[in-house]
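For reference, the structure is listed below as structure tokens.
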Amino acid sequence: MLKPEILDPQGQAVQRALPRLGFDGVRDVRQGKRFELEMDGPVDDTVLDRVREMARTFLANTVIEDFDVRVEVTEEESR
Amino acid sequence: MTTRVGVVTFPGSLDERDAQRAVKLAGAEPVALWHGDKSLRQVDAVILPGGFSYGDYLRCGAIARFSPVMETIIEEARAGLPVLGICNGFQMLCESHLLPGALTRNDHLHFICRDQRLRVENADTAWTRDYAEGDEITVPLKNGEGGYVADERTLDELEAEGRVVFRYLGGNPNGSRRDIAGVTNAAGNVVGLMPHPEHAVEALTGPTTDGLAFFTSVTTSVLRKLVA
Amino acid sequence: MPGTSPALDTVKHAASTPQTAQPWAELGLKQDEYERIREILGRRPTGAELAMYSVMWSEHCSYKSSKVHLRQFGEKAPASDALLVGIGENAGVVDVGQGYAVTFKVESHNHPSYIEPYQGAATGIGGIVRDILAMGARPVAVMDPLRFGAADHPDTRRVLPGVVAGIGGYGNCLGLPNIGGEVVFDPCYQGNPLVNALCVGVMRHEDIHLAKASGTGNKVILYGARTGGDGIGGVSVLASETFDDDGKPAKRPAVQVGDPFQEKLLIECTLEVFAEKLVAGIQDLGGAGLSCATSELASAGSGGMRVDLDAVPLRDSSLSPEEILMSESQERMCAVVEPDKVDRFLEICAKWDVIATVIGEVTDGDRLEIFWHGEQIVDVPPRTVAHEGPVYERPYARPAWQDALQADDPARLPRPADGDALRAQVLQVVASPNQAAKTWITAQYDRYVLGNTVLAQPEDSGMIRVDEETNLGVAIATDGNGRYAKLDPYAGAQLALAESYRNVAATGARPLAVTDCLNFGSPEDPAVMWQFAETTRGLADACRTLGTPVTGGNVSLYNQTGDTAIHPTPVVGVLGVIDDVTRRTPMAFAEEGQLLYLLGDTAEEFGGSAWSQVVHGHLGGLPPRVDLERERLLAEILIAASRDGMIDAAHDLSDGGLIQAVTESCLRGGKGARLVVPDGLDAFTFLFSESAGRAIVAVPRGEEVRFTDMCRARALPATRVGVIDGDAVEVQDAFTIGLAELREAHERTLPGLFA
Amino acid sequence: MLKPEILDPQGQAVQRALPRLGFDGVRDVRQGKRFELEMDGPVDDTVLDRVREMARTFLANTVIEDFDVRVEVTEEESR
């Protein structure tokens, strides 16, 4: 996600469009990216650290973006 | 002796031939560089051309920034090698932190191609020597993610140090903070901008020939440095 | 086979189970077509064979309804030394001199773009670019003739921005300048937008490549993207079935998603293997995927072909062999390579990060044989799949309503009573969505990339420099007017060609060759079929008269919702050559004092006109009269005047008439014009008539005598109608409109609708 | 997120780049969008239904994308 202080034109365009489409009550919209990585083998702390590193140095541009890493186990998968 | 200006081809680069043509028209010698080689083939300066390296997937310039050639370029740029990043090249320079800030989606969310007026704010970089401060030039602008952003402190710093090199005139085309079209590093050897001077070097195909001075400037800079 | 998962339908199995019921109807085959397949094979087809025949015999791939009519393009073709490769290959190739050849073609991607506008349009660009690449050429530019429903219809707001973003997203990322196109709105395209895409490529004569597999033992290499479930059944279902009334297609195959980055790599890699002469034959993968590429390569070659489907790199490992054969995954090509060149071929692919796999080889037999897990699942004579599909002589008949439509003469429509009313209608017409500036769209396209764009939109034609040393160049324009074609399809086709031809000549280039995309309703409707027959006859006749052969093109049928078909819409692209691009004629009126001359004759012709549509919502009468000899003469004058520096600007006159052209040229140059109504004409007819065979030119005063002498000597009517001057468009004794007001009217419309 | 059967060129480009950057063991990468909507007032079932409707008709392109709606209470907010 873009940092709160960085202008997010995509989110704003969505927000502006919503009332026209009949959706009220949305105070703010921000648009970001979502990556789903499927790992070979179990995700232990070492793997998770490497994924965080990957996010920090590559998947996100920390000059303008924040990120958050979550683990999901495939069996619990929500489509 | 002719100045050798390297132009890097990444997978997905598009404007490298135009950059080479511009270098040639400016009387220097274009040298093709390949993203997978670490060698810069003894060039005196490097251009990172426009295009969609790696499809601009992930973020513009983000994947290219990790290529072998960029390792060398980052090192040499820190040591003073003149480097110009045009559009996608500018994005790479920001991604590799040779220049501050980042480029984000145009505020109107469309790709835009238009002839853009600019003011030269700093004629003391390796790539703008042959302009005068305050010159107004028109060159093509074409991108989808050209909005320059940085935090307020960085922006203030850039302004204070005279590192804003170009500003948009006649309307901000993409929501760039403070109308910034291009910036330089503290040493003035690394310059990045979104508009495309290499498309404004021939009256036949460009809106003007205002872009040529970029490519003559670097020759001047290289020669001066040799003399100095 | 008890207890196992559905058994592989091998050739052997098919031969021993003649009674098995097969889903030929679901795959879009007719009973007699299925019977014919059984007859050809002497047994029932396997599932894989059935899949192949069904896609390859679909309307989209086999041209079964249109073939008998398209033959005229060859039969009536004018003798042309310029034609190096004619109809039948991926695209025609034209000699433009100095050892250069140019290939170009326009294609449709209509139905996919309605379902998923962004990806549909994007993959339309991707597909036509691969066609051009497969001829051996470097693609150098694209164009996009588009038709949408009413500009203010809510669904147009969904479709148009997506289509435009898709064309830009793909073309820009590929690094191909977009140099022109069309945008037309009409309610008849509401459920059936037309997304046509044109690509042009340049090569040296010796670089021409053809789609054929010969040389026993040569390897068949599939390279590019992995194969996934994209568009399976897309060819037969998406491209050729009528939508039901709520606009949903009967089946929904996975939408093809384009990857322009992959295509850019494919282009560079392919050009490099061409340059090292590693390719014996090549075919792009488009509609019908591998089914099409393998059967066409084998059919055009001398021997047979053997393919091992297990070798195909997959994105989705669950695909069945039938699905692999039908998949329309984008960004793939198929090359035939001599065995000792395979290693180098694969090396170049690796350099560009392009996956390349040997999937088969050319055999000395005459069958296309395909294997899966070691078992044979296809054994067919390739010609029967690719080139000897069904041919229909569909019944056609002039529709009953045609006479009434033509009798509904626009002469009865009320005309503006005075100068003020005329002024108001001028503003109304130039601001109407069809006549308004298209900048909001074209600004989303890169026109500068590659550094050889000499002219691009809104100029009459796009122009590309081919050689930087000699300044040799080519120009292309596309045109088509469905309203004219609806009133008279024969004349409508000729007018489309005439306009495109005129647009090319207006920029100073000599028209050489034609490509066309014929967009129509259902061929099963005799009225539509009549429109189609008339269109092809008109186009073929006109091409013969103008000396410009059709080199290739595309047919898109079933553009209809329920029983209502779109207007017959032939889109015609003309390619021209110019020896020195520095001599080109732009459209801008930029120099005060230059004289404006109207070339050609103006009559009261308002059938199908912009004025009748915008002011009266009317479509009736006859389209403007066609005079091809006049078009040819006009073109000769425009070309000579450009070459000899007698004119500084030219703009063709077409929909919207003279005032439309003057508006565009004045706004482009930032200068006004003072116009005088010529003797024998009233101001209304002067401004709005759409008589064909006309152009307006700006003549420097010093050239006036030379220019008018030339026109007189060649008997082309040239009437002085005004002068470039001031900052308003003024029509003497009628009205004045300031440039700012005119600009506001002309340029605000599209942003107002879509921004 | 793009439906599983739809080509995801962005995810693929990321995946191909990872080994070069020294990150191994990632079997698959898919890239999608993430929207953060801040609602006026509490998110009850009616509101949630409206957000789902918004996602289905506007935020996602269901021709090629699947989506998933989750609620987060601001106090628990993870940056």
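All chains are identified by letter, namely A, B, C and D, in their written order; residue positions are counted from 1 within each chain.
Everything that follows uses one rule, which is that a residue touches a chain if its C-beta (ideal position, glycine included) is under 8 Å from a C-beta of that chain, and two chains touch if they have at least 3 such contacts.
Every value quoted in this text rests on a predicted model; they were computed, and no experiment measured them.
In this structure, the chain pairs B-D and C-D differ in their number of contacting C-beta pairs, and the larger number is found at C-D. Subunit A and subunit D have Cα centroids lying 7 Å from one another.
Inter-chain spacing, taken between the CA centroids of subunit B and subunit C, is 36 Å. In subunit B, 54-55, 57-58, 66, 108 are the positions where the chain touches two or more neighbouring chains simultaneously. The multi-chain contact residues of subunit D, meaning those touching 2 or more other chains, are 9, 13-14, 17, 21, 31. Residue positions of subunit C touching 2 or more other chains, listed in rising order: 259, 261-262, 353.
Contact annotation for chain pairs lists A-B, A-D, B-C, B-D, C-D, with touch applied as defined.
Per the touch definition, subunit B reaches subunit C in the complex via residues 11-12, 14-15, 17-18, 21, 50-52, 54-57, 108, 110-114, 140, 142, 144, 196, 198-199, 202, 204-206. Of all the residues in subunit C, the ones that touch subunit D in their complex are 115-116, 119, 225, 228-230, 254-257, 259, 261-262, 315-316, 329-330, 353.
Residues 9-10, 13-14, 17, 20-21, 31 of subunit D are the ones that touch subunit B when the two sit in their complex.
Residue ranges on subunit B touching subunit A, taken from their complex, read 58-59, 62, 66, 94-95, 97, 100-102, 104-109, 147, 149-151, 175. Interface residues of subunit C, counted against subunit B in their complex, comprise 165, 168-169, 172-175, 259-262, 264-265, 352-353, 443-454, 465, 468, 581-582, 755.
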